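One chain, subunit A, links the two complexes that follow: it is found with subunit B in the first and with subunit C in the second.
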Partner chain A sequence: MSETRKILILDDEPIVGERLKTLLAKDGHYVEVFTDPRLAIQRLEEKTFDIIVSDIRMRELDGIQVMNQVFQKSKKTKVILITGYATLELARESLTKGAFDFIAKPFKSNEIRTTIGRALEALDNEESPRSRTTSM
Partner chain B sequence: MKILAALDSSSQSTFVATEVARLAANTWADVTLLGIEPEAVNTDQRPFAKGDRKAEDHPLIKSLRENRNILQNYFGPDNSPYNHSVVTSELVEVENGFWEDLQVCRGSIKQLNTRLRTGNPAKAVLTEARNSQCDLIVLGNSISIFGGVLARSVKKILLEADTSVLMVAESKNPRRIVACLDHDNISQPSLELINQMVTLYDADLEIVGLTTQDTLANNVDSKMGEIIKYYAANKIKALVRFVEENRLATFAAQAAQDNLVAIWMGKKSLLSRIFHPRSVEKLLSGTESSLLILR
Partner chain C sequence: MALVMISSLYQGGREDLARELAAKTGWPTLSREELLESAKEEGIKVGRLEMSLIKRPSSSEKLAREKKLYLAFITVNLCRKALEGNLIYSGRAGHLMLPGCHKLRVGLSAPLDIRTKRTAKALNMEMEQAENYLAQLDEDIDRWIRQTHHASGQDPTKFDIFINLENMSVHNAAETLHAISQLPEYQGTLSSTRVLEDLYLSAQAELKLIMDERTTGADLRVKADTGFISVTYPPHQEHFKQLIPEVLSGLEGCREIHCTMAATNILWVQELFDPKSENFHHIMQLAQRWGAAVELMRLVSPSEPLDERGAVDMEYDFGRWDCPEIDDGGVEDDDPLVVINDGGLSTTIEELIDKGRCGGGVSICGGYDKILERVQGDGDYALVVVGDMFLSKGKSTRTRRTRELTMNIRDRLKAPVITADELESKFMFGKRQAVNLVGYSVAVVLLYYLVFTHQDQVSAFLSGPLHEKAKWLAPLVIFMFIPVIAYLYGAVTGLALKLINID
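What follows is the complex of A and B.
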């Protein structure tokens, strides 16, 4: 039986978090949603999540700062950054600083589901590399 | 974000591909380049199958490959989200009892697909948009797309797509996005798309509210307040203008001369009633700028 994965969603627009929570919980994941980045950071200090989905542009802290905080605690956590104000520079910065993926709004449920699927696959591969390197 | 670019072999498709590349460079969108081959007169002709014409010599195939290169080259060799990091072998059953071991490229961060559909162009684009669940269809100006013969397809796509449609015109960048919104029912994806356009073009935003003989501007103003708050929270300065319902189509046609006009035409939109097919035709024939239909 596969392990339940822990996902934290952070977006200052409540509608985004609610939508994603319903979708991802239905897929069997454990999901926590935050609209305030400071509260999300507090929670990240208490608990390690497998995947973080965070908006980039927020009032208190931006998504890239949140990602830096995440990596200080856990390097293996996959961070997916989403934004309504995408620029070339932002996309590059997100990826060079270690984001697993960069998704511009609007997006449909399937897009985020596919990206989370890829992130989970990457986590599985990192956690059990031996079982996947023997067959040629 | 998923973008579907509707292309043909005309020079305008090159411009559309360049605009899509620019949008994709900002958004790292999944992109499908869709080539349309209009219905063959002789139904026995299959332009991309075995036969007299080699696929690589077909003008549409050539054009699609060139347009794909435009997109890939836009990012430079090392920065493209469409670069493949893995080449694997996959056994594909070509026909019953016959397989081919193909080398397949995988591992890109984002998808860049090149597809072809034959038949009625509007139907082909609408079908692909539905199947790919794209967030935005991008196509050229009605005057020259699909060789001019199929100008009517653009109107049909704009009016009948389930998703938002951006018609790009070869003019200078819009300085202003004029968004005609229905203050009661605007969808979140539509607002998000406006934000991306404002960011892409570094443009001002003007929001147009509707007034009728029975509705005072200040009543509409209070309803528009929520939308303005949304933009203020996202650090976008939005100006509001009120236009009487019976003048909106004319106003939009004039505004489209110099700006990117965005019209919310979702299922619940009041504006669908105002922008009936004839108004849209007028808008298309008059505009030298881009047009965004939001859904």
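What follows is the complex of A and C.
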């Protein structure tokens, strides 16, 4: 699939968005960055994104609440949660509630790139099950 | 001074019990969550450690030293709090913390349906979702405890008391704990306080050594005894000897520092390493028994094609990832040097660091001459093990060349050299050895039984009419009999000693 994928990044630390945007735009994705979860939610009302990369611990809304809002609008959007305060409890909660993946900070650029690659593959498979079946 | 360590699974009631006990006694509390928060502030990658249980870390991510740092950090903070007076700690495995110190180790459990209801409420989940969540989380936490503390979290022998909250209220559980904590067995004594102080000092020293960039990559063993700190380093890290006292200078409570090189070391030469292999398991068993460090040497034949050799002529000296100088928000640049194929050397070293048995590692290209060039110090090893070598060759060539390599190393080094195949028969006690022990024991018993139940015949043979007929026969039979009995007796004794881990 050569279609440009839309990715929304939400982290209250501006540097995270900046670094991820540079990284993912270089890979040919369309990227929008938000530091305020309320503005991100507003944007999600207007536009559907393929992948959301969100921090968990933020002041106004946490990443899991954002994920719930995302799923209300689009079930197929893949949500990747990132946090500097990762615990097994939080990781399992995120995955149980439907997160595609959970990444603990600090992480290497390659890790998020690989995770996004897997999410895109999952989206491709969901969107074209027939082509997947024939290729098998 | 009372030290109450409460352990439970998620939503098992440990926070409630700690709070109730604190309200009753006025003792301060400390929770695992508070410790994690402080560790995170210190830049310790606790999240990466926790996540390594759910997702396999990448080959370039080295977490074994991070785990040591984390353990040293929480030990320092727990000891500091405990030395101030009474303390109630609640966590996943509080009962396994502060080994050797006086403490009341409390296990706490609540029925699964209660935990499920609490989880569903706390995390806003459906009951079924909460049930699945708890099933997975309990499994993860069990693995965390095993990996971090090398013990099972549910082993009843590790607790002083285990409370089931099915029929007992938290209030009554706190009353019970208060009463038990007043017993003389759980009161601090002068000697138990000294143990705590020693643990505090050694953990502080370990933390300082890991945090200091000069010694962060060292594989050190630190012990403290009434203000005397002893630090043991492996032979390949002799250069740290001068730095250790510098790093530890000014450490409060430290009266003297002794740095010594680890005396017992095993060199393991192999082509490809795997921490899950039988060879690794056997060598680890031996290293644990001897208290030895294991040095790895990956030997790649120069005749191998270049892409098969992977990374050669490379020393493996892992430290923590350096803290970035600029704020990157936790999104780090990829490592410039990623080892694609190191024959499992780095993962095996990680496992050795985790088990506290790392003696370093190196990957070299060449023959036995290269091994001799690269051996540490004077090559004064307790044992050299030549593992699976020449893997691309046929079985007969492999056996012959391994034997030649073994002989060459044996000729040049002072150490005993054996192959990995011999390791099991010489040092391990497995099924084969058990069968041998039974067989040899039966043979010895049978021989003695026959001799003592046929004394008349034996006497006749040695000095009676039979002896008169053929005088040469008795000395000949005795000459042959004594080595046989000595061999059998020696084999039984050797195997019995091996069984009780005495070499």
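Some notes on this structure:
The definition used in the following text is that the second predicted complex is superposed on the first by the 132 of 136 C-alpha atoms of A that agree within 3 Å, B and C clash if a C-alpha of one lies under 4 Å from a C-alpha of the other, contacts with A are read in each partner's own complex, and residues count from 1 in each chain.
Operating definition for what follows: a contact is a pair of C-beta atoms (placed from the backbone, for glycine too) under 8 Å apart; a residue touches a chain by one contact, two chains touch by 3 or more.
Given the structure is predicted, the values throughout are model-derived calculations rather than measurements.
When both complexes are overlaid on subunit A, subunit B and subunit C end up clashing with each other.
When both complexes are overlaid on chain A, the residue A:Gly28 reaches neither subunit B nor subunit C. In the superposed pair of complexes, A:Leu20 makes contact with subunit C only, with no contact to subunit B. Counted by residues of subunit A touched, the larger count belongs to C, out of subunit B and subunit C.
In the overlay built on the shared chain, the residue A:Ala91 is in contact with subunit B and with subunit C.
In the superposition on chain A, contact of A:Arg57 is made with subunit B only, not with subunit C. Of the two partner chains, subunit B and subunit C are each touched by A:Phe102. Comparing which residues of subunit A touch subunit B with which touch subunit C, the overlap comprises 15, 84-88, 91-92, 102-108, 110-111.
Taken in their complex, subunit A has these residues touching subunit B: 12, 15, 57, 59, 84-88, 91-92, 95, 101-108, 110-111. Within the complex formed with subunit A, the residues of subunit B that make contact are 1-2, 25-30, 79, 81, 109, 133, 135, 188-190, 192-193, 195-196, 199, 233-235.
Subunit C contributes residues 10, 36-37, 40, 45-48, 50-51, 53-54, 58, 60-61, 123, 125, 129, 132-133, 136-137, 140-141, 144, 321, 327-335 to its touches with subunit A in the complex. Residues of subunit A touching subunit C in their complex: 11, 13, 15-16, 19-20, 23, 82-89, 91-93, 96-97, 102-112.
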